[in-house]
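I'd like to ask some things about the structure below.
Going by the order they are written in, the chains are A, B, C, D, E and F; count residues from 1 in each one.
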Amino acid sequence: MTRFANRNNDELRPLSIEPGCVKNAAGSCFIKFGDTHVLCSATVEDKIPPFLRNTGRGWITAEYGMLPCASTERTEREAVKGRQSGRTQEIQRLIGRALRASVDLTLLGERQIKIDCDVIQADGGTRTASISGGFVALAQAVLSLLKRRKMNKNPIVRQVSAISCGVIEGHALLDLDYAEDSNAEVDANFVMDEHLNVIEIQATAEKQPFSRQTFDSLLTLAEKGAKEVADAQRVLFQ
Amino acid sequence: MTRFANRNNDELRPLSIEPGCVKNAAGSCFIKFGDTHVLCSATVEDKIPPFLRNTGRGWITAEYGMLPCASTERTEREAVKGRQSGRTQEIQRLIGRALRASVDLTLLGERQIKIDCDVIQADGGTRTASISGGFVALAQAVLSLLKRRKMNKNPIVRQVSAISCGVIEGHALLDLDYAEDSNAEVDANFVMDEHLNVIEIQATAEKQPFSRQTFDSLLTLAEKGAKEVADAQRVLFQ
Amino acid sequence: MTRFANRNNDELRPLSIEPGCVKNAAGSCFIKFGDTHVLCSATVEDKIPPFLRNTGRGWITAEYGMLPCASTERTEREAVKGRQSGRTQEIQRLIGRALRASVDLTLLGERQIKIDCDVIQADGGTRTASISGGFVALAQAVLSLLKRRKMNKNPIVRQVSAISCGVIEGHALLDLDYAEDSNAEVDANFVMDEHLNVIEIQATAEKQPFSRQTFDSLLTLAEKGAKEVADAQRVLFQ
Amino acid sequence: MTRFANRNNDELRPLSIEPGCVKNAAGSCFIKFGDTHVLCSATVEDKIPPFLRNTGRGWITAEYGMLPCASTERTEREAVKGRQSGRTQEIQRLIGRALRASVDLTLLGERQIKIDCDVIQADGGTRTASISGGFVALAQAVLSLLKRRKMNKNPIVRQVSAISCGVIEGHALLDLDYAEDSNAEVDANFVMDEHLNVIEIQATAEKQPFSRQTFDSLLTLAEKGAKEVADAQRVLFQ
Amino acid sequence: MTRFANRNNDELRPLSIEPGCVKNAAGSCFIKFGDTHVLCSATVEDKIPPFLRNTGRGWITAEYGMLPCASTERTEREAVKGRQSGRTQEIQRLIGRALRASVDLTLLGERQIKIDCDVIQADGGTRTASISGGFVALAQAVLSLLKRRKMNKNPIVRQVSAISCGVIEGHALLDLDYAEDSNAEVDANFVMDEHLNVIEIQATAEKQPFSRQTFDSLLTLAEKGAKEVADAQRVLFQ
Amino acid sequence: MTRFANRNNDELRPLSIEPGCVKNAAGSCFIKFGDTHVLCSATVEDKIPPFLRNTGRGWITAEYGMLPCASTERTEREAVKGRQSGRTQEIQRLIGRALRASVDLTLLGERQIKIDCDVIQADGGTRTASISGGFVALAQAVLSLLKRRKMNKNPIVRQVSAISCGVIEGHALLDLDYAEDSNAEVDANFVMDEHLNVIEIQATAEKQPFSRQTFDSLLTLAEKGAKEVADAQRVLFQ
């Protein structure tokens, strides 16, 4: 089995992260995993969810969208359909949960940082790209708050990066593109910190239930991928 | 650390499954894991989703709901709010995906079986109870189709059962109740077949990222729990 | 004309009321008229409707729902359709109005009691069963408030019970089941207090307009039925 | 107790019906009961509800609306709120049900007549005025179909008229205006045919449950009122 | 080319404005341009939009609706569809913007005047009729506030009137009716003050792009029409 | 008065059009007027609006959206609010109407081309940029249909370009940025073809009504701007 562009089974697609690309956002980046392109931006808001009022703690939340022409077949605009799909809600809940793991919400204080992840072009792995890029936008927004002395202590306690893996024809592969994802027997997403501890695992048998051994091989691949994404994130802040 | 009713760390809550409880449904059961009570019922429909028309294949889908008074605090009725929450959609997508793994959709033929999972009382683990009970309702509906000769060959290719696990104060625990779930450091749901191969894993760090070793101990617990649920399901069909 | 199970024309279906069945509710009961089963529960809320703020008066309101598999043909989930049907709204407005008649809203004080009526199985007469069961849940919630000294004086001023009647092939019948209801020439619902004074009448000609004499015979039947329901309610509070 | 303009207890407000007032409708009238003014119009459609397809039978349905400035306090526009209120749906279901009683749906054939009732000014009794005026619009539309030979036999089998009654300070009154309605102890609406047989009764205790005797006195008043409305309708078609 | 009723190309349809027609509104009028009939009413509210709070300034806003039977083909009720169409929103935004030009919002003070424009019968030009009639309702409401000393100084700084023009078969025509509008090559709406200065222009090529000269001829016609409407408005306030 | 970057009153902001930027679309471009950046893409669909079925004619329609972080203040996502705002609908109706003017719908045949205009960054003039860029995407899609012989004759009959103008402190200015737009006394948008005939004019007095002379000076500026935009479009197709 040969992957597109002769990619190795444990090789990421070309990864680039262009920080600060959105003029009006507190933090932002344009992240690309091959032909998957996501614009991530962060907005700092004074308003927090009702259940956090007067707790001294803050919140991180995320919203996810896809431009109608991002995918091979045009997808109908959710603003026209009048609601976000179950898939969209599932993804944005995942992004928010993953990014909250990077922050000490008490140090953040009573403010909310909202991360917008908008897919400009989709070729598989948009949710993991959103998490990895979302962390960069979030970190930029926090650094800007520190620089402007709106905050005294950095609330970011760890990096968050994410990557997808899967099994095709019995082979474990890192960072599936859309064509691979559509044919995968197992599809898994991993969110990790820079020490490769796990923040979230979602693994689904698409065709056949899979063994514990198969899962282990995916987790090993994910550790390699997450490390490379974390390295690419870290270089932006040095 | 002592669990409610002196339950062992690897012990399920009292489990009961009452099949055939809904007079008008093709298949149904009332499943209880301790104080978590879910009514599962199956409806066979001739209408299939548009993308399956003229493929000869069928579909399994699920809907999930919670009575307003099921939980400690009354939850607002989704029919009144005018939409299903992101949590509800995420859960019913999971149930449907899990149950589809039990069926050969080509043998099912061009029909859809819809599984309704309605939580009458909630005390943690409603999504895994819904999957485990949903399988019983689905199997009953299929058996009824076979008996009435609407189908020649049984399309059910494996059992599907599900269980939650978690970590509290460093201890891995099986089948969390609501009080435990609210304090868990890690929260994980596992869907498996009767051979303990994996259909779906969802694991989330609620407080701290967790190690590969921790995850392994949860998976081992899940295998024990899933086996017991599968045994309880199987006895109904003998 | 013979009724199912040789029931007499002026005979209720087997009636049972199981109080206190919902662990988390302030008051609850599971009421059955034959195969019509409704779960009724009461929640006490501090929030009252805007038009009652600072009046010292409280409010009783109701919500009604039907599980998708409750009826012969599966009904679509209202949370999925995105709105409550006109029928649902009409029924829950009726339940709320009927139950408000049982309470002195000034003695209730600035609180709202919300009655949830969820039909688990439907075989005709779900709205009258909801009112009769809703009264039990409401009374339980009030007794609990009195016991916990949240209230000094019992605001319940009368019992409320309800029953349906109808005309089939010229015969006036009490407590129609679904098969009867579908063929009725006249369909009527009566809400009464324990002295058989009227709280609400809704009578509809389904096929032919009906005479004053016909209506009188239905009202006489309703008095018999409402008395029996009121007796069954009363026994729970003695 | 003196009524506005020295009206007798069994006296209608000044009633006028101006037929044919809407240029584009198949049938229409502008009906006034005192300061309650409703524009009723009828549209004939070839499309029928799905459950009637290929049955040879037709349908009558109704929609009800109120201009924002019709009532004393401006009411928010339902198109802005994004949904019809429970009250609106309850009323339009009543109007449709009442008017269907006037027609042999098999003679009507596979077509639907939709009756729009729009309240231009509201002073109590808008639902009964809508029914009484809706019948005129419906009858006009049917006559036009007969005249244009779209139909061979008149499907109208009876007149439908409606009137409200109520009890204030113990007195039974006919045709309540808004001020009376707001203070009524009992509020009742009656729909009758020209022989004073009953099509629908809705009677509600607003303050105290009422006796069978009280109800009887309201029914007697309603017979007088319905007869006068029916006479006013009939004169338009002679 | 001959217009209906031998109207000249620069001639308005018969125009009438009946002020004060809605009993419950602060200001109102029923305006007719030929067979286009619009009911306009004004409501004074203490509530202002959030962005104006504590600015001392007020606001004018408008809502537009059309009765289902107003047009040749019945239009579906927006309250039933669950939302206002893009056309409706575009029109009511235009009406609000146009009428705000007539008022010094600081003199108005922190209150909002809402103008409801409901089309009873539609024959072209409903948006311009709504603006012209809306101004009369607004002015009445303001005069009433002055008379009741809720305001010291008249905030109305200019009249606002509006008219449509168009090109058919190369001829520039004033005040198109529906038949003309449907065939127009150019369709234009003009809002002006009493000195014929421009408040809003919307001109659209329906078939062919048009020249600057054509536009100039429409503007000249519009000046004539707007002057006549302004004269008809002014006579009501003398 | 000095404009940003010393721009002359009749000078466009730096304009660039990058065609073919969206991999999956039939036609696309990324258009920039200074800091206003819009992604335009075209999708060809076989489905046409119901009113065009069996007419042999096609349709051009447009949808408009703005990323949440495009503007200075984050705007709420319309998919979250559950509906497109009146402003969005007004803009997308304008874009569609303007682009339809460029095409002979009969030559287009029974197909629809949908133009998506998504604002990545907003600094004034997003609707005119959308029209100018939308034309490029549309023309690309049409050329591709011709090249693939899905069509025999080019249905594009003219170019469409658009530009905004305004008056600030009495000066007529071309191509307003956001800061200028917010302070303009008059705000006008012009859509023209390559011969500078007019397709649409929308001119609004934001502070004071304006004279015919003022409007003329804006129209003269618009002719200069539209010509430059048309030249920039044309160079892409040579």
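The rule we apply is simple: contacts are C-beta pairs under 8 Å (C-beta built on N, C-alpha and C of every residue); 3 or more make two chains touch, one makes a residue touch a chain.
In this text, all values refer to a predicted model and were calculated from it rather than measured experimentally.
Asks: Quick one: point me to the chain whose Cα centre is farthest from that of chain B.
Replies: Centre of mass proxy via C-alpha means gives E as farthest from chain B.
Asks: Which angle of rotation, from 0 to 180°, maps the CA atoms of chain C onto the equivalent atoms of chain F, to the nearest 5?
Replies: In degrees, rounded to 5: 180.
Asks: Averaging over Cα atoms per chain, report the distance between chain A and chain E in Å.
Replies: For chain A versus chain E, the centre distance works out to 51 Å.
Asks: Could you tell me the distance, in whole angstrom, between the mean C-alpha positions of chain C and chain D?
Replies: Roughly 28 Å, centre to centre.
Asks: Could you pull out the residues of chain D that touch at least 2 other chains?
Replies: 83-84 - these are the residues of chain D that touch more than one other chain.
Asks: What topology does the chain contact graph adopt: line, ring, star, complete, or other?
Replies: Graph shape here is a ring: one loop, exactly two partners per chain.
Asks: So in the complex, the part of chain C that touches chain B is made up of which residues?
Replies: Contacts found on chain C: 22-25, 28, 35, 39, 41, 43, 45, 63, 65, 67-72, 74, 77-84, 88, 114, 116, 118, 120-121.
Asks: Going by the contact rule at the top, pick out the chain F residues touching chain E in the complex.
Replies: Where chain F meets chain E, its residues are 83-84, 86-87, 89-90, 92-93, 97, 101, 158, 192-193, 195, 197-205, 208-212, 215, 219.
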